[in-house]
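Alright, structures below, take your time with them.
Okay, so subunit A shows up in both of these, paired with subunit B first and subunit C after.
Up next is the complex of A and B:
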């Protein structure tokens, strides 16, 4: 090295290899939270537009992670009557309901042999934090049958550590078949209207055949009940993503 | 209808009312109206001009305004008279004001006495023959007549009703939307009349409104959203209790 050279040789870094993983880009997960999709009805679409604006505003300030029914979540809310003014609850998400700002999700856990279910509102300002502890999709969209299942299937450790996961991986589906307590149940889960795939029915054959009497096979071909949300979802997905990036 | 939270964490249900193409149509002076105060006729929501008679169309033509679907009168004080033809906007109301909302209720058609008047009906079992939802007795022996106005089955709904004392939480000036506390009579997208409260308990709440109305081409520029002080705005961080 010589300082004071007339023309120091310019250092050109070697060109970095640019890896374009085409496969990964196309398989990127597009998840639109189900409360963004407007329900069928005669309401003015302006109402949904304004509600979506409010929802996006809230999402900018407070992170609502992507989660499905079957995930194990920990939620901390502000509570004026608790010590430290916050209360934390860990549970499995059994149901996601409601559209727009009133969207809710129900978390279930068994604490000291007592089953507890709490229904939280996603956009309630009292919620301080939502963390996903375990990613796991189940076979059904609605896990209300866990109320009639053996309590071991609803117990989760309150001090569970959050599981680490990659962003690009697909959400794993747990094909667990749950064993139930003896009948009577809160709902007749063997009937075809609930379309449950996640229960191991240990009922005799005649009962299962009798349950099929309430089968309505014409419902899936009913055109009036069709609600194709693919185009609406794409529009809303674009809109939501653009707003969130700002 | 939408949920809405206050800064203390309480949830309230809110109805959205859209102010769509409202214009002042006519001014009737005190003497003409034979009443105690002058009146202003206001029209809402534009509609087709072909289904109304010529005499009704005269008012719209004089005001220079397309035909409106809903036409109502307001009793106004002398200093609140507005020239016919001025548009009215949602910013006429401010958050914190209290308001009465009038509309036609949802029509239920011919309904029985249990749904229409809330009668208890009769038991389902224990020997009742063909009598489960009937009114039972309609008068006494001594009266030997049925009084006028006796509650009986008939057409229910599709009449004007008012809900009083509804607080205005928020106003959207860009889309002309008023967020009003609680529920309002009428079905979705029905036409509604919004007025200042007549309840004496809320006289202090309606201070300093834009008087006589909010003019869009005036000097003041309002932000897109006007919120009441107690509302939790979604740009703030989550609510905590100290």
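Up next is the complex of A and C:
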């Protein structure tokens, strides 16, 4: 049988597959949780090494997701007094403090016109689950001014569904300018020491100029206060990643 | 004041400015509840919700030290009357994992421990459940728990 000479069709090679190297992409975005970075001081680095070992041990058992200040999280904790033994709280992270095993984060929400804040410890064994409901970085590291802002900026739906995000995308920054309640505030947020960029100050210009009197422009050039963490971060990042992969 | 006079010239020098700002320091209530703290009544009792020209204040704390935390009874002065109340939320931060509220919340109570109101809308910390014996009726009328 000769069926081949009818159509000597040109050989069309199949389309090349597009290889998306996920590993390389995820490695490009490094996130080291801020509580791993040891504070500046003269303590023995052995102490931080031991603490890091314990932190990594806990992370192997329980997944602590990557989150920044401004994310909306849902935390379920074990509570002997709650019915069902677990209690769930949803809120925006306004502050991440502490180093090592005592690292904390404060979640804020307004429920039934009452502002509630809970300070959770990241490595507390009572915490059973941390879910990130919305990924959103804000302009500041510290959103304590939300206490003096209008309550609508701190209200979040308790039954919010978690939004899905790709691993490779950058964390979006929300450039929201928050409107405040009338003064007096718990802290004078207009002063330059707080360096807040996320408030829409509706104060008269004289007040803003008066606040600049407390400006200390020499502080950023102070060499004694410098603490360069880039090399320390890289070392710790490698260490933590290797341990977690085991 | 000097700035204002300089800018607006001599004409206003002898007049007093319309906005007289009298700054008196009000201690930002970041401590637990003690005598003379102004509190917020959160249940729906008539005594707690009718407006009065003076806010309800604590006049005594039933405690060895005069500082009241969540779960302590206090004596309130409301509308010229004395009334016992239970602290359900405080502005002062407590132990970690416990909620901190934006106002000092209080629920009015009778002498035998029965609540005066019938409903509590604001969230109540789970901590109070430990003292079930005394405050079970208050917990029964509470709607939200934190």
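Note that the second predicted complex is superposed on the first by the 220 of 246 C-alpha atoms of A that agree within 3 Å, B and C clash if a C-alpha of one lies under 4 Å from a C-alpha of the other, contacts with A are read in each partner's own complex, and residues count from 1 in each chain.
In this text, contacts are C-beta pairs under 8 Å (C-beta built on N, C-alpha and C of every residue); 3 or more make two chains touch, one makes a residue touch a chain.
From a predicted model like this one, the values you see are computed outputs, not experimental measurements.
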item: Superposition on subunit A - do subunit B and subunit C clash or fit; value: fit
item: First, second, both or neither for A:113, with subunit B first and subunit C second; value: second
item: First (subunit B), second (subunit C), both or neither touched by A:95; value: neither
item: A:62 touches, of subunit B and subunit C: first, second, both or neither?; value: first
item: Touching partner for A:47 - first (subunit B), second (subunit C), both, neither; value: first
item: Touched partner set for A:79, first subunit B, second subunit C, both or neither; value: both
item: Which of subunit B and subunit C A:124 touches, first, second, both or neither; value: both
item: Per-pair minimum CA distance [subunit C against subunit B, superposed on A] in Å; value: 10
item: Common ground on subunit A, meaning residues reached by subunit C in one complex and by subunit B in the other; value: 79, 121, 124, 126
item: In the complex with subunit A, residue positions of subunit B that touch it; value: 2-5, 9, 11, 16, 18, 172, 175, 177, 188-189, 232, 234-242
item: Complex contact set, residues of subunit A against subunit B; value: 41-44, 46-47, 50-51, 54, 57-58, 61-62, 78-80, 85, 100-102, 121, 123-128
item: Subunit C contact footprint on subunit A (complex, rising order); value: 77, 79, 81-82, 87, 89, 104, 111-121, 124, 126, 147, 184, 186, 206
item: List of subunit C residues in touch with subunit A within their complex; value: 3, 26, 28, 42, 89, 93, 96-103, 105, 121-123, 126-130, 144-146
